[in-house]
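You will see two complexes here that share chain A, one where it goes with chain B and one where it goes with chain C.
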Partner chain A sequence: MAERRRRFGYDRAVGLLGGAFATAVFLFLIAPLVVLVVSSFNRDASMAFPPSGLSLRWYAEVLGSPDWQVSFRLSGVLVLLVVPTTVVIGTLAAYGLAQGSFPGRRLLQGLALSPLMVPEIITALGLLYYFHGVGLINTVTGLWLAHSLVALPFVVRAVMVSAAQLDPALERAATSLGAGRVRVFFTVTLPLLRPGIIAGAILAAVTSLGEVAVTALVAGANTTTVPLRIFSAVQYQLDPSMAAVSTLLMAASVVVMVIADRFARISEAL
Partner chain B sequence: MTPTRRWAGLAYVAPLVVFLAALFLVPLVELFRLSFSPVDTYNAALPGFTLNQYKRVFTEPYFYGSLLETLATALLVATLCVVLAYPAAYVLARRSAGAMRTLLFVIVISPLLTSVVVRTYGWVVLLSGNGVVNRLLVATGLRDQPARLLTSYPSVVIAVTHVLLPFAIIPLTTALGGLDHNLHRASQTLGAGPVRTFLRVTVPLSLPGVVTGALIVFALAMGIYITPLLVGGVTQPLAGIRVYDQVETVFNYPVAAALSFALLALTLLSTTLLAGAFRIWERRLHG
Partner chain C sequence: MIELPEEGAGHVEIEGLVAGYEGARVLDLEGLSIRKGEFLSILGPSGCGKTTLLNCVAGFVQPTAGRIVIDGTDVTDRPPYRRGLGMVFQNYALFPHMTVAGNVAYGLRIRRLGRAERDERVREALRLVGLEGYADRRPRQLSGGQQQRVALARALAIRPAVLLLDEPLSNLDAKLRGEMRVELRAIQRRIGTTMVFVTHDQEEALALSDRVAVMNGGRIEQLGTPDEVYRRPATRFVAQFIGAANVLEGTVADGRLDADGILFDPGPLPLRPGDRAVVAIRPERIRLSTHDQGTDGQGVAGTVGYRAFAGDAWHVEVRLANGRTLTVQVADTGANSADPPGAGSAVVAHWDPADVIVLDTGAGGDTGAGG
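Take a look at the complex of A and B:
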């Protein structure tokens, strides 16, 4: 009995220790983001933490600055271009890959996800050199294509989760009831793929909003996205206006996610 | 799909294939060809063929040293990520659905949903001269004066680990969540305590999740460059930063291309070796 009680105490201690360790990990994950949000409300021009007083002056400064306004508009335009592009290409491909059984399917599946496997600096350098040749450096079109390339594998992967669960009997039933192939795709297939498509759209939007690794090489003075402007600014100065922009960028991602989470569980797609 | 529609699957994939061929495969092939181009005195590429760039990459310590350093860093980061991910994934997998689980899940994926610049900037703030970490160090008497944490190697490891940690937690949570709870009960009725059950039942069964997470983190850590650049500065001896430096300050594209492909080859080779080693280890464990 005593031996048993002792072992129980030991197990409990280990359990508590594990819980404390897990808590520390969660704090580690969230700490930089919390510090950033708090710093953005600093009254002073220093990055001292905790701030000496609270104010919204850095938000006013950022939102009133013409440079930042141009970047906000550009990042918004890119999201509106990248999401439809990747969702259309990615949904079609995921459906074909999950439901088809043509030769070379596995190879194509590997190709579809391969941009995730190649180190980001190589994708960036490849596009930089290639865009130089075709005159797409420092253009919105160039960034549109680059962001679509980076976001596409996420969309394919998210939609494939839904497409793999799709019951082909439902499509057959619709066909036997007289619906044409196009009608079946739009009235049966697409609604069934909806959770995956929404998850993919969120991931594409968030990827485009935050992309820097490739953008840093293919963008230019006229095409500075919001995260790229933060990237160049952080290398030279450290003031709360950058924390304010970062917080706005984070808020934009959260808004996209919360809206979309009403329609689908994105947790399953990751 | 009916047999005829099986082939139709190929038509659905066609736009993706065209897109990736034009924007991914062609640029990579062009870049590969560039890595064999001779350069003039201004580092501009000339027509012709040379192995000079690869010779430089494998003989100059500035380049091959960075490849080794990148390999060591990626291994360290992958190890740290698995160790840190395990308790977090365990807690996440054991919690039943509810507000707390959702909150923890949002915390875990929050780094994936915020820009890498934003996350890294958070670390810049934390680690700066008058940042939180330095204040804590001074206040607790561990240091007399603020330490130079930014532009140091440890800060690079911390920031990269933070950025990649979710990629280890997510597969591990899936693996732990899929375990049959009856196995735990069986182990405990046979007399093993929770700790022993954890070490002899849970950990071995979750190894596939550990391996997946470790390999993803390792591969991503090999090519990461924005985060170490922001936290550690351009002098950090990592291959990704050296490539960026060759492009942005030296304008030597052919050398940058050669170093990139050396990095890609090293990444593929070491990932394959690691995956093989893990498979042998798993077979021994369950064999």
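Take a look at the complex of A and C:
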């Protein structure tokens, strides 16, 4: 009896310790974001934490600035271009890689995921040389291609998880009921891949919104994305307007995720 | 060209079908003729080619040689979606993103049926399998048995020429399997659709079918009614696979069969002394008695190796003097009956000579596929 109670107390202690540790790690992860958001409402032009008072002046300043407006618009356009591009290519690639059987499948699989394993700066350098040659530096097209390249492996990865779980019997069942290949793909395969596609789309959007390394090398004066403008701005002036921009960017990411999640859940429950 | 079919024959004609993967010949079928409206089981152990045969008929496996003719039309080179066959899978294969009604309507949508007729056919199909109230459920909200019924309704809604069933009951528990078996047969009787049912479960095949095709090693060993394949197995494999018969091989001497020193009456065999014969005896046809009960000199002596109670019967293994074993099934006749002799007891096994099944005779030739 006493043995059992001691055992129970020990388990409890371990459980509490584990909980405390997990909380500490979580706080450490969330702290920079909290500091950023709180600072963005600072009344003074200092990054002092905690702020001396609350105001929305930095938001007004950022949203009123033509430079920032251009950047926000550019980042938005890029997300709208990059997400459909990578989702279409990534879904087809992932489906083929997961379900197909052809020579060189494993090699292609490695190739499709390779940008994840190469340091980003290497990819950026390669693109810099290449884009110089074809005249895509400082263009929206160049950024579109560059962001798609960086985001594509995330989409492939995410859709492959769904594609690997695909039961081939389902496609056979649809075929036996009279559906041709294209019809099977659109009415059975694609709906079953949806969780992976949505996850991939979110990853692609967030990647494009936050991309700095590759963007820095292929962008120019006319094509400064939001994260790039933040990056260059903090080198000259460190005021709460940066925090305001970052908070807006973060809010955009969160909104994308919440909408996507809600959309996926609702259609799943129907 | 095929000849004019006989009465009720030639609905599905399979001729010289060969199929294989990477050089290995999985299927090598001389011919199989499936009659309209019959329930045909294809029975065999795993790897015997039965699923490959089904997939060839469905069109998922392209045979390397041979023809498949359905209702007079050669469909060998047709893609599966243009064969008009229904298929039911072992794991149900219901579309998880559609409702029950959506699943059943899938094939009807492809056939561009009008909404009213489609709804009517869906209702009719669901009524047939007893799931009228489940139209708006999702597959994962249903039990395994219900899911398999939906799969059946989905395949039948398109009114297929032939319904192919790939071990559809294997994923269900024993009780449900028994119920679904009865129901499947009742549905087949009611609508008269030709059904080809692949299974490895001999009991299922015997209980359901009009005819059973027993397959082994890519070939059909025997095709016949359940009664025929059980009572008169054509080969040693069939005898052992269905009903797990005891197979004995021996030479005829003095009107008796001498199987490695065991002498017994082989029944009214048309045999001359010196002929070799392979015979089978069903476990449930063998009776056991102990020496003190008196055995009138007939039967084969042995020792009980083990016995196991299986509910409705006892399974007893008897070791014979020559080292072979006989499997004996002793029906449990009630609470007052004595248990069969326990392990180690000396017993005499005997049987009615009429129950001896002759599988092969001759001068020691091929005795069929081993089991």
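Quick note on the criterion: the second predicted complex is superposed on the first by the 243 of 270 C-alpha atoms of A that agree within 3 Å, B and C clash if a C-alpha of one lies under 4 Å from a C-alpha of the other, contacts with A are read in each partner's own complex, and residues count from 1 in each chain.
The definition used in the following text is that a contact is a pair of C-beta atoms (placed from the backbone, for glycine too) under 8 Å apart; a residue touches a chain by one contact, two chains touch by 3 or more.
Note that the coordinates shown come from a computational prediction; the quantities given were computed from them, not determined experimentally.
Asks: After the chain A overlay, clash or fit between chain B and chain C?
Replies: fit
Asks: Counting only touches as set out at the top, which of chain B and chain C does A:Leu54 meet: first, second, both, neither?
Replies: neither
Asks: Identify the partner contact of A:Tyr10: answer first if only chain B is touched, second if only chain C is, both if each is, neither if none is.
Replies: Only chain B; A:Tyr10 stays clear of chain C.
Asks: In the superposed model, does chain B or chain C contact more residues of chain A?
Replies: The partner with more contacted residues on chain A is B.
Asks: For A:Pro191, select first, second, both or neither according to whether it touches chain B, chain C, the two together, or no partner.
Replies: A:Pro191: touches chain C, not chain B.
Asks: Which holds for A:Ala173: it touches chain B only (first), chain C only (second), both, or neither?
Replies: second
Asks: In the overlaid three-chain picture, which partner chain does A:Phe231 touch, first (chain B) or second (chain C), both, or neither?
Replies: A:Phe231: touches chain B, not chain C.
Asks: In the superposed arrangement, which partner chain does A:Arg183 touch: chain B (first), chain C (second), both, or neither?
Replies: A:Arg183: touches chain C, not chain B.
Asks: Please give the nearest C-alpha separation between chain B and chain C in the three-chain superposition, to the whole Å.
Replies: The answer is 6 Å, the least C-alpha separation in the overlay.
Asks: For chain A, which residues belong to both interfaces, chain B and chain C?
Replies: Comparing the two interfaces on chain A, one with chain B and one with chain C, the shared residues are 172.
Asks: Write out the stretch or stretches of chain B touching chain A in their complex.
Replies: 1-2, 5-13, 15-17, 19-20, 23-24, 26-28, 30-31, 34, 84-85, 87-88, 90-91, 104-105, 107-126, 128, 130-132, 135, 162, 165-166, 170, 193-195, 219, 222-226, 230, 239-240, 243-244, 247, 253, 256-257, 260-261, 263-264, 267
Asks: If you look only at chain A, which of its residues touch chain C in the complex?
Replies: 167, 169-170, 172-180, 183, 187-188, 191-192, 194
Asks: Provide the residue numbers of chain A that touch chain B in the complex, in ascending order.
Replies: 7-8, 10-11, 14-15, 18-19, 21-22, 25-26, 28-33, 35-36, 39, 46-49, 88-90, 92-93, 95-97, 99-102, 105, 108, 111-112, 114-115, 117-123, 125-130, 133, 145-146, 148-149, 152, 156, 168, 171-172, 206, 209-213, 216-217, 227-228, 230-231, 234-235, 238, 242-243, 246, 249-250, 253-254, 257, 267, 270
Asks: For a test of understanding, state which residues of chain C touch chain A in their complex under the given definition.
Replies: 58, 60, 79-82, 84-87, 89-91, 93-97, 106-107, 110-111, 151, 154-155, 158, 164
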